[in-house]
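Presented sequentially are two complexes of chain A, the first with chain B as partner and the second with chain C.
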Partner chain A sequence: MEIDREDGRTPNQLRPLACSRNILHRPHGSASWSQGDTKVLAAVYGPKAGAKKNENAEKACFEVIWKPKTGQIGKVEKEYEMIMKRTIQSICVLTVNPNTTTSVIIQVVHDDGSLLPCAINAACAALVDAGIPMKHLAVAICCCLADSGYVVLDPNKLEEKKMTAFAYLVFPNTTLSVLSEGSSVAKGESVEHGIITSVTHGLMSVDDYFLCVENGRAATASLSAFFRKNFQQSQRDSSKAG
Partner chain B sequence: MEGRLNNMWRLTVNESKFVESALQSELRVDGRGLYDYRKLTIKFGKESGSSEVQLGQTHVMAFVTAQLVQPYKDRPNEGSFSIFTVFSPMADPSFEPGHPGESAVELGRIIDRALRESRAVDTESLCVLAGKLVWSVRIDLHILDNGGNLVDAANIAALAALLTFRRPDCTVGGENSQEVIIHPPEEREPLPLIIHHLPVAFTFGFFNKGSILVMDPTYVEEAVMCGRMTVTVNANGDICAIQKPGEEGVNQSVILHCLRLASSRAAATTKIIREAVEAYNRERSSQKVKRHHTLAKSEVLGPVVVV
Partner chain C sequence: MGLPDSSQDLSTEMEVDAFRRIFPLRFFERHLSESLRPDGRQLGKARDTIVNLGLVSTADGSALAKIGSTTMLAAIRMEVMTPSTDSPDEGCIALEFHMPPICSPTVRPGRPADAAPVISKRLSDTILSSGMIDLKELCLVSGKAAWMGYLDIYCLDADGALFDAALLSAVAAFSNLQIPVVALNDNGRIVAITGGKDQDNASITEKEAVNKEKRKLTLKNIPFSLTCILHKTYILADPTTEEESIMDTLVTVVLDSSDQMVSFYKSGGTALAYSSAIKSCVELARKRAKEVKQILGEMDID
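Now for the complex of A and B:
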């Protein structure tokens, strides 16, 4: 039995993606990422001298500032900042610039569901634009669970409200994850198929959670392909200009 | 604290001398004339009341929202509006997150004064139930990229957002006419705000002890200039607000010259804003026609699928 989504998508279909980089002049790196109507702007200021208090001075430090569309910063925004900071710390190479602080600023332009994954994708694109050394990219997706037990990907705001539970999942985007034959198998589960971050809201059974993870990981292939195509295209454009 | 100061961008002596000596020969670093403005683009977002303005390298976004609140005791028949300025750390490495600094507050006050004192936004039409419920309009200005002259860009963004904002229609009903029913946009078309005129801001920079005048300074020129003035005028030639916050003293004739320059440009800028708003309204009304089509389609398909 197929679920009927309002905008006519299938349960595993993502909304149209759009990404543009280097849109702002003062920040060292900037990107805007939109999934359907949800649009997020990310800006990166490269390594500044000095680590913050209570931070390890032997490693590079990251700070994330989340700016909502209207209103003051509340607990929800602080939570998003913390999740994004941990995610970025795990994908960036921390040993290259010790005792420095890199700031990532997120501005919500429009929220139509699946906001945190959109912000993480925007932050990755902005970090690439700024040239911050990273181990690999992160690809984020929102999977939610409908009443009937169906897993639906990339919900919009109305769908998110109707769902019983949803999970934000962030997967690594290594080059090896595309070529499944060449992947290294370590203790049965290959390393590239790990989960970087997982945030769940609502009640879901363990089996349902694993179903979400399966579907999410399958969808990240198309997101990774989009990332790759987008970056390669801009590289080609800049090499033509140069 | 010292770490933060070390990271601040400071203009080098070479750059400031270059800018000043170029201005002596009436040349600006980016090749503009002294009174030329940079390229202005006005774009709108998905929701009503959201605008994005680019003035050269300066990038500003404005969001307008409204909610029903109790009116002020001394103005029971009038709605209210308030402006919140956010100098996002995205715009400039020296902007700190958290509490707005002096320049953020000043920018908000200049725009607020121009709109409020000159009665550009009609507040009496925002009254729903006298003494009980009125609409309170909130304008959030986000500075995304500081390329200089934030006041002008933010002012245009605020005006564009106010012109395209639609508030929900509400009727007073129930017993004693004390209940207010807010109609969702699907039921009744949301209403625009009544804007009587558009106060547009023009910023001037003074160099060389007030003898050289420049319009629309970039952030490099702002770091060099010795004084500035913002004049807010509307297309009718009325002066809505003037702001000259201290700094270098300037001759009266120069001030009058600035006022004349500003009023001569007001009509052109107002036209640009109105044209952008017209184009956006046309596009939105044509989109609405398509929406009804898809709604009708799904209504037809719905029952068929269930069976």
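Now for the complex of A and C:
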């Protein structure tokens, strides 16, 4: 029993991805990320001297500024800022540049569903463009639960509204390793199976949540491959130009 | 470096305190290896929880919830408003979470705490997602008048697990809520009826007019939440502020009375959540939900 999605995608299919980096000149790093019609621009300034108030001066500090497409900044934006700040803090190496502040500015260009995952992916690409040291990338995906119990990935705005529940999940990116063993194992699961961030809306059973997580994990492989291809491409282009 | 034996004289006790401040992580790990926490709790045990109802006499519903030292005061005021055209049969709840300077030394007046709008939004999302309140019950006259509930939650003492305590106080305040009695007067406006006065051409417009008595909301699907810390292989339930500041990976699981998951919230943090950790957190949340249900049951809530 397949779910019919309006744009003809299969439940596990993501929308077409597009990423361009180094598009703005003033910021130290910038990226534009689009998933279908949802488009987000991210800019990174930093590291700048001095940590923020109430922040640990022995570590690098991050601040996120979220700018919506229209309207004033409210609680929704503050929540997104807090989630993104904590996610970025967990993927970046904080001990390399202590007592510094790195600002990540997110500008929403168009919101057509799955906005927070899109913003997290854009921020990652911008951080790579700025050269901020990171342990691994954060790959974000939105999984929703339809009435029939099916998990649908990367919904657009209409689909998000119709669904009973959805979850924004962020995983570390899948690694390509020369060693056959791969990354370290924790109780039988490899590092890339851990969840960095999870935000859910709506009622779902615990088993449904695990189903969402599994499907989300499977999708991170294709997102990670896209990241890798995109970064290698621009590296090749710049080395050709150089 | 061994931990000094605290049963000796004052000078050694000072050393323990100093060790706690200077090497906080080692101090905690020393306790965790014995499956204990500095305050003597087991790893999966939450702090003592107290709920008191009806403390604010000027509010239509109020509650005070204490989990350990974390104290939250919730109060609801009802006002009549015109419902929106999209949902003419539904009322509205406006939730606001405040962190006044009294709650924590890090909060200064004039500068709202970072955590306040985030917890505020999470609370309204959770209460909406769980379907605890049927907004149609708040309707008075379809399309013309409906109740708007202003729920304000004040944090009086911030000692970790703010979301859990705030949710508990909100749920208790809703259970304590008594919707005032109103009548429709000549001009088509809703006026409040104050005890025993006879209003000419008053027609009771409440949905379930129970002989001019104040009525309560029916609460289905009450959400119960538990915040846990993930640190290496340990899972600590119901952290204090000190624990939260040292170990930064927090996971909040919200379950409702029918064991459905309302929310699984993990916001970054050094530790990743693997399936085994998620399962353990959900188990701890289930146990906690039973405990809280019992506490609320003793006060005749639902």
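One rule holds for everything that comes next: the second predicted complex is superposed on the first by the 233 of 242 C-alpha atoms of A that agree within 3 Å, B and C clash if a C-alpha of one lies under 4 Å from a C-alpha of the other, contacts with A are read in each partner's own complex, and residues count from 1 in each chain.
Everything that follows uses one rule, which is that contacts are C-beta pairs under 8 Å (C-beta built on N, C-alpha and C of every residue); 3 or more make two chains touch, one makes a residue touch a chain.
Predicted model only: the values in this text are computed from it and were never measured.
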Overlay on chain A: chain C relative to chain B, clash or fit: fit
Contacts of A:S198 with chain B and chain C, given as first, second, both or neither: second
Chain B versus chain C as contact partner of A:E55, first or second or both or neither: neither
Touched partner set for A:E160, first chain B, second chain C, both or neither: neither
Chain B, chain C and vertex chain A (Cα centres) - angle in steps of 10°: 100
First (chain B), second (chain C), both or neither touched by A:F210: second
Partner chain(s) touched by A:Q89 [first = chain B, second = chain C, both, neither]: second
Chain B versus chain C as contact partner of A:K67, first or second or both or neither: first
Residue contacts with chain A in the superposition, chain B compared against chain C: C
Touching partner for A:H110 - first (chain B), second (chain C), both, neither: first
Closest Cα approach, chain C to chain B, once both complexes are overlaid on chain A (Å): 12
Shared chain A surface residues [contacts with chain B and with chain C]: none
Touch list for chain A against partner chain C, complex: 54, 74-76, 78-79, 82-83, 85-90, 165, 167, 172, 186-187, 189, 191, 193-206, 208-210, 213
Chain A-facing residues of chain C, complex: 106, 114-115, 117-118, 120-122, 125, 129-131, 221, 256, 259-276, 278, 282
Residue ranges of chain A touching chain B (in the complex, touch as defined): 4, 6, 24-27, 30, 37, 39, 41, 43, 45, 48-50, 65, 67, 69-71, 103, 105, 107, 109-110, 112
Touching residues on chain B, where the partner in the complex is chain A: 3-4, 6-7, 45-47, 50, 57, 59, 61, 63, 65, 84, 86, 88-93, 97, 138, 140, 142, 144-147, 219, 298, 305
